[in-house]
Each structure stands twice: as C-alpha cells, then as structure tokens.
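Multiple structures follow.
Two complexes follow with subunit A in common, the first pairing it with subunit B and the second with subunit C.
After this line comes the complex of A and B, so read on.
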C-alpha cells in the first residue's frame, strides 16, 4: 500500500530522468487521494470501536457472528453462486452456438450481447418491474390464462435471481466466446478418426481445454454479482438483506449509520472479491502458458 | 443436446445454433421492448398491450427541466473526470512504459484494484476520508470526480498501454530520436498520435460506464447532485411512463456510444494483423489475444454498471 507513495521519489535515486518523473506527480497524487488513502481509511475504520475510542476486532466479530449480517453474507453468496451457475450454463451453449454461426451473424449477436450488458442497474430493475411487477405484462398475461400461481414474485428472491441472471448471461457469453477458440476443428477430426464420438471428445478433450476459461468466467460472474448493488437497491430499496445493500445503509443510511461495522463488512466483501480475482488471474496465467506452449 | 445434434449434419446443427440464439435474443431484448412499450403507452393498466399509444412522455421529458439538468450534470461530471483522466493518464503511461519499465508492475496493480473494489466498498472509504477534516469535500462533485477517476483507471490504462504495445513504443521513440527529434517532439508527434485509437476506445467505454454509474453517485453526492441515474431512480416511483422514456433515451445514447466503440475497437485490433490468414496457428493465437481484449469492455462495462 505504501508503494504509490514512493512513486515520485524513487527515480531520483535510481534513474537520471528527474524532470520526467515529476510529470508523474499528478497521477501519484490522485491515486493516493482517491484510491489508496480511502482503502487505508476503510481498513482503519473497520478496526475502530463503535465510539471510536480504541482499536478492536469487535466489528469483525459482529459481522461474522450476528445472525443478521451473517445472513446478509450467505444471501449474497447464495444469489451470486446461483446466478453465476445459471448464467454460465446458458452461456456455455450460447457461446458455443456463436462459434458455429457465420461471421456476419456472429458480429451482430456479439453487438447485441455487448449492448444488453449495458442494460443493468436501475433501468434493468425498472424494465423487470414492467415485465413482472404487480401490474407487469407477464403477470397480467398469466393471470388472464388462469396461471397466476406460476407468475414469479419479482420482489422475492426468485425475482431478484431472475434479474441477476439477466445481467450475467451476456457477460458470460462475451467472456466464454473467446475460450472456445482454444479448440481447433482438427482435434475433433483427429479424435473422430481415432474413434471418439462427439460426447467422448468433449468429455476427454474439449472440456479439459476450456475448463480454466470456464472457471475464470465463473469467478468473474461471481465477483460481479457479489458487488452488485444498484439492481437490488432499485428493485426494493434497502429491503433485501444483501451484503452490498447492508454496507450501503450502514454507511449512508437514512436512520442509523454505523460506519465502523459498515467498513468491516466492506473489507470482508473486498477480500472476497480480491480472493476471487486472484484465483482468476492464476487460472488465466496457466491458460496463457498452456496456449503459448502448445 | 448439443452433441446429439452434431452427427445429423451441418444443416440441422446450424439450425439448432440459430434457434439457441433466437431464444436468447428474445430473452435479452424483452426487457428493453417492455420499457419501450411503456414509454409509448398512453393508457395501460390491466391489459397485456397498451390501450393507446402516445409520444407524450418523450415530449414531457423535453420540457422537464429536472431531466435536462440531470442530463447536463451527468455530462459535466463525466466530462471533468475524463478530461482529467486523459490529461493525467496519457503522459503517465507513456513515461512509465518508456522510462521506468520496472514500475509497470506497480501501475498495473494500481489499475487492477478498482476491479476488486466494488463501488459500495470504495464509497465507504471515500465517505470516511472526506466527510470531515481538512478535506471535507463530501457531497460535492469533486469527490465524485475523484472517485470516477479511479473507476475509469483500468480502462484508460489498458487502452493506452495496448496502443503503445501494438506500435512498439520503445523502438518508435528510439527511431524518432535517432532522426533528431527531441524527447518532447517524439512524445508529441510520434507517440501521441499512436495512442489516439486506443485512447478513443477507452474514453468511449469510460463514458458509457460513468454515464450509467449509480452507486457512487448515490452514496457520495446523492441528494446534492442529481445525475441522470439518480433522476431515473427517483422518478421511477413517481411516473413509470416518464422514467421509461428516460431509460430509452439513456439506452439509445449508450447503445450509440458502444456501437461506435465496437467499430473503432475492431479497427484498432484488426489493423496490425495482416498475416493472420496464411498462418492458422498464429492467427488463432492472435485471435485469442484480441478477443479477451474485446471481451474486456463487456466485463468492465458490466462491472462498472452494476457495482
């Protein structure tokens, strides 16, 4: 964390380009002010007692033992895992199908995926209210068919899951699509010549090749939904007991604010994200190494 | 399902893949269509489709000064952030890549942190740091601009660095200086023009992300500075039709930006690989190298929107 602070000083000792290094000062200042210091403050706040008189681990103890906050964490993990798995499975087929389509169609579909991945947060929540809300198109449609028992309650966990899956699918497709290029058509032919069926090919060759890419995509999806705030917030305000929502209301809530506890939860969320992205980086490095070797 | 379809020959397999995407497109476009219908609906209470159609909501929007103000505010805050980011990041990345290559790791790490820090987490630290003390800029646009500088840091860094890599900046600078150019001339007339394509893509992406940013805006400046997303959130409860019209306007704008971005990005990525076709192996590798690059906007776009 102290590295960026020394950014502007270091060259004076090691290199001769003193004047050039001066041009890095604005960058260093902005990074320290808005990236590094806030993170240090965050960690320090999370270690303070409620009345801010002494340092303690009490906030972490509360975060990890209070049934309410523990529930928020497990809720976030559950919905992230669920929406990531569904998103991954759907896009596994979608991305593969994409590689089988003609170039022009592929371009067009990638554009659509890219654009719909823009459609998230507040506008997305609102669109789902129009579709599945109390007076939503599908709610009325199912009602008129006498199937109202099947209409999902948008303001429940099922509803939230539906919206999360929506923003996971285009992202997963965009991420998985390049992974399939790791499999060349010749391998399939070679495998077929040696007597492997389509299933055997995917099981023995195809899947192992794309597995690191799959895992990496899954992790990004997971991290993406763990950090998601806007969608749930726009759907039901602070009513869902999700980690990101809890952090927001503890720090900038309308009623009571407990920035220390909010910071502890934020640190926990940040650590989860960092762990996930570190695993992803490792997987990707392995993948790249394999590709350059092979 | 996929596999059992394959042996039946190309045509039926092709049809299967088209059906997969037809369903997917309906699924992806449905929420948008619903929003569009709502924005164009006159009376729509208990029927499946609107009972009457109107352009009233879009007209209302044009006359709603709150909307125009929110729109301008968003443009202002995005504009300041991106101008500052460009002015700071272009020289920084060029200097680090050329003069201090050892520090690239530090720069890279700094540019990765925003991915691991969701908006809600970043907001907590920023609020704590700036709500009191000598730098009490909490609730002002400056805090938001600073936060946005960090949000777009990964895109700006990657865009500029990739441009420098694709033209081999070190050799280019050496060549320019060998021909008698000074350091500044080499920067201004040789390196800067070569950074432009990557920078343009990064800027468009950053703009789309910032324009759709809700969490930081809501938690950091919320009441004091109503951006387009906050306006959208607040209006949602008041007038569904009006906020649908805002959604559509917003989405069309972002769609245009990402359309331009994709086109530009493709040109930037495809330009320096003329030998792809005759060498399938390297062509494949390049494809792989380029594709995660094009996919990255997807990740980050999403990440920025959501977190």
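After this line comes the complex of A and C, so read on.
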C-alpha cells in the first residue's frame, strides 16, 4: 500500500532546485573547458592513426617499443626520482630548521622559498647559464684561477639535475614545513626522559609520524619534475632526451609534428603520475589502517 | 639529607635579572613520599618539575636526587620519570611498544622487556589493550599507559605534571585513587603538580603550597587545611573567610572591649565553622567563647551535600557552609540570620 506513495515522493525530491547550485556553474564550466575536454581530446588523438583516418593502438605500440622513446621515459623517471630524493632530503632538514626560527625570520625565508619554488622555466635556465654556462661568471672565474676542473658542466646530466634540484628544494620545504607542527614537543621530552637521544627520537617516533607527509611531498615533487618542460628545454634545447621535451617536439616541433604520438606519450606520462599517486594512497591507507585498527 | 633535595633553586624569566619564576626555593622530599606542589597557574610548580627533569635549566641553586647532583646532567641520565597533562604517548606505537620504549632504550633483553611490560600493564589493568594504538583509548586509559611507560624504567623519582587536569570528573576521581594505590604499592617517591586543592588533599603525604616561585607553607593535608599560615594559603586551600583585624573587631562587637586585642593582621575562618540560624529563633544567648553576629543572606548555592551561604554582615561578606540535611530548611536570599563562630575556630595568619 505504501509502496506507490514512496515512489511518487521520490521524483519530487530529486527535482527540487537549489539556487545555490547556480554558483557551481562557473566552476563546472571551467573544469569541463580546461580539464575534461582537453583530456578527452588528448586521449582521442592518441588513438588515431598518423593520417587520422582510423582508430588504432599503433601510437602506443610505437611509444612503448621504440628504444628512443623508452629512453626518454627512463631518463625522465631517473632525473625526477633523483631530484625528488635530493630535494626531499635537503628540505627535511631545511623545513625542520624553519620551525626553530623566530617568527619574523621564518616569514622571510618562507617568502624566499615561495618565490624560488616558482622561479622555474626559461628565467631559471637563463640564470644558470649566466652563472655556470660556458661563458658564465663562475666558469670564467674558476678558469682564471686554474680551477676549471671544479666547474660543473651545465649542459650535462649534473647540470640538469642541479637546475631541477633548485626548484625542488624550496617546494619541498614549503610542503614539509607544516608537517613538523604535527610533532609535539612533549613527545621529545617524554622520549628524552625514557633515555632516547635526539637520533633515537627521530628514528623511532619523529620520522614515522611525519612519514605520510614525506610520501605525499615526494609524489608532488616527482610529478613536478616529470612535467617540467620549459626549464629543460631552455637549458638543453631539444638535445636532451626527456619525455616532456619529446612530447613538445612531436606536438609543436620545427621539422615533423606527430601530434598523435605526442598525445600517446602524454597519456603515458599522465598514467605514470596516476600510478605514483595510487601507490602512495595505497601505502598510506595501509599505514593509517594499522594505526587506527591495531 | 633528604632523598630529593632542592637547594635555593632560582629561575628567572628571560635572562637572569627578569622576574623570578622560582625564587630561591628549598625543599626536601623523603624516599617513598608523595609530595604535591599546589598553587595557582604561573606559581612556578610546573617549572620546578621541568627543572628536576632537565627540560628547563635552573639559573641558581642545586637539585640532588639520592645524593647525586642533577643540576647539569642530561635529562636521559637523570633517572626520573614524568607524566604530562597531555599524556604525550607516542602515536605511532601500540600500548605495548609505548611501555616498552624506555626499556628498549636501556638495551634490556627482549624476554625481560616482555616480562616487565606485562607486569606494568597488569598494574594499570590494561593488559587487554596491549595491541591498541593510543588514539583508540580514552583519556583516562591513555594517562594510565603514560604512567606505566614511566614506571617501567623504575625511575628514582616520579613526577606528574597535572596528570588529571584534562580528564572528566568521574575518571579523575578514579585515577586519583589508582595513582595513590600504585604509588604506595611500589613505594614510589612522587612529586605531583596540581592546581586542584581537593586532589592535593586526598592524594598527598605532604602538600607544598606555592605562590610566586616560593613555597608558602608545607605540611600534611590536615595541617594545611586546619592551620593555614598565610592569607594566601587560607584562600587557596579552602573557601576560608579571611578577615583583617578591623573586620574581626566588627565580628567581635559583642565583646567590644577586646576589639583592640586582635593582634595579627588577619584571621581565617573556615566556612563550615560558621553556624547559621534564623535571626529570631535564638534567644540572643550565644556561648561566651563564640562570636555572634546578625546579617542578611545574599546568596545560597547548593553544592550537593552542602549548602553554601553568602551572608552580608555590615560591609563584610561571610561565607558559611551548612550540611544539606533533608530536614533542614533553607534560608532564602534576603532572610535575616544569626551567625556564630567559636573563638578558637579563628586561625590567626602571618602576613
């Protein structure tokens, strides 16, 4: 008896219009126009044949079998992992010392970190070139002092790593700095009274507690450098075989453009980042579960 | 020499020369004794504990424990335990690992650690929760684990910094009894900090009332309660009526001739020592060894077992407690009442 009544009620509730939903329209439009549509277009393009006549998986086959593109992928992963690890380790100490500073000094350093973490791309590459390039100030100075053995080759892996690390450290510092506030001063005091020195405290309590924050930061750093294009391009041009540079030249290169293959590589790049995020989320869930359910 | 010895310990705000937090404080604590530092916030009681633990440096004086000078020793070498108001359990470790932490740091053998932790968890009655993480426990349970964690390493001195202040009233009362039981069972020398006078009175062997970095009075709970030495102690420990000599003269107007006889500056009268009755039911004959006065009830609050009256006698406001017996009738606000105080219930105070 009551069944038809409830059935009749449901649609009425579903169609009730909430004016506040109007406020979401600009946001939704933005997401659709700049996130969803380009992504669909990217995926569609990656599935097209070179002459765009039919759908095929050929682009993915090329991307995953050609040694040239595989090398670009491993190069990108290597430099991203390397610069993320260095950035994380350095900022682990940098962020901790930030928490120990007075308010004013901390604010100033945070501003500088904020600025330098956004100081990437062509200006950063240019800054490095005039300081450490073939005719850079320090290169010339070291040469004139007979110390040219110590001047790093900016256009090598070391140089590229140096530039990547430059923008990774401040970003990691900004991300890690609030994580340290999750550590209570009294844990340190309690540990000290139980016989633990500073090292033992960090190994047994401090680091395990900030581990989720560390992992999250690492993923962001990794994604940040996987996607870095302008910095590398401005520094080493098309000569360096990195995934982002390959995609760039396939989509907007001077000689031949192959947007279909470029799209396939871009989709692969996106999948790698999603995989990294998924692994991170999985690990963290395991960790939290352990600490929540015992 | 006492087991724990504070010798003119001073600590100043900022650099030496600032206002004193601890002002040349001296105190001795005997082995196995439960001593409570009681005082309002900012009186220096927590700072004193932190100085013993080595978490705060002292500026002058010495602290000795069992004959060993602790003054410049690193915290982990001092052999003292501390329980914090915030529990400070390690969130990434289970109850078992929290309690085992100090033992592992000492490099104790695994089997020995297991045995000790098991015994500690039995003492605090938490054996079943051994695999739980701290955030799954209630505040009271967390504090018991914190206690076990400190006890496990068998410190020479146990210190507790307002350990019950973050807990609700019922748990607080239960834990009071439990902490006292464990302390007596293990003969554990304990320095306990609180601002709750009831807690201090029910748990301690000895109470030190602290004010502005100094100890105002030391004594057994009974001594402190019955014979406060200063107006500060009288006000802090109970809801004592503290009256100046002139105010005493007002009360003693029936014996007006002796008004000049109130020599000390101030007197303390406990609220339960003041008898209250309706103004008209007495015949006016009060015992010769009592002061009596007439006043008007300005307020009456029920404290459960007690009724607390505030009575206006001239310009004086007197607090009096009466047993809230079922048969007794309340004096409503505005009622005229007669108050009586035995003369020997007026405790003379210094300073």
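Just so it is clear, the second predicted complex is superposed on the first by the 245 of 294 C-alpha atoms of A that agree within 3 Å, B and C clash if a C-alpha of one lies under 4 Å from a C-alpha of the other, contacts with A are read in each partner's own complex, and residues count from 1 in each chain.
To be clear about the criterion, a residue touches a chain if its C-beta (ideal position, glycine included) is under 8 Å from a C-beta of that chain, and two chains touch if they have at least 3 such contacts.
Being a predicted model, the structure only gives us computed values, none of them experimental.
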| task | Based on the superposed arrangement around subunit A, label subunit B with subunit C as either clash or fit. | result | fit
| With the two structures laid over each other on chain A, which partner does A:244 touch: subunit B (first), subunit C (second), both, or neither? | first
| request: Report for A:149: first if it touches subunit B alone, second if subunit C alone, otherwise both or neither. | output: neither
| After superposition on the shared chain, which partner residues are touched by A:39: those of subunit B (first), subunit C (second), both, or neither? | first
| query | Now for A:184: first (subunit B), second (subunit C), both, or neither, which partner does it touch? | reply | both
| said: Between subunit B and subunit C, whom does A:117 touch in the aligned arrangement: first, second, both, or neither? | reply: first
| remark: Max touched-residue count on subunit A (subunit B vs subunit C) belongs to chain B
| task | Name the contact category of A:196: first (subunit B only), second (subunit C only), both, or neither. | result | second
| Three-chain overlay, closest Cα atoms of subunit B and subunit C, distance in Å | 8
| query | For subunit A, which residues belong to both interfaces, subunit B and subunit C? | reply | 184, 197, 291-292
| task | Name, in rising order, each residue of subunit A that touches subunit C in their complex. | result | 184, 186-187, 189-197, 200, 204-205, 208-209, 291-292, 294
| query | In their shared complex, at which residues does subunit C touch subunit A? | reply | 53-55, 75-76, 78, 80-82, 84, 86, 88, 90-94, 101-102, 105-106, 131-133, 135-136, 146, 149-150, 153
| Touching residues (chain side subunit B, partner subunit A) in the complex | 1-4, 6-7, 13-14, 16-18, 20-21, 24-25, 27-32, 34-35, 37-38, 45-48, 84, 87-89, 91-92, 95-96, 99-100, 103, 106, 109-110, 112-129, 146-147, 149-150, 153, 183, 208, 212, 214-215, 218-219, 222, 229, 232-233, 236, 240, 243-244, 247, 250-251, 254-255, 258-259, 262, 284-285, 287-288, 291-292, 295, 297-299, 301-303, 305-307
| request: Quick one: which bits of subunit A touch subunit B in the complex? Just the residue numbers, please. | output: 3-4, 7, 10-11, 15, 17, 20-21, 23-24, 26-27, 30-31, 33-35, 37-42, 45, 90, 93-94, 96-98, 100-101, 105, 109-124, 126-131, 135, 137, 140-141, 144, 166-167, 169-171, 174-175, 177-178, 181-182, 184, 197-199, 202, 220, 223-231, 233-234, 244, 247-248, 251-252, 259, 262-263, 266-267, 269-270, 273-274, 277, 291-292
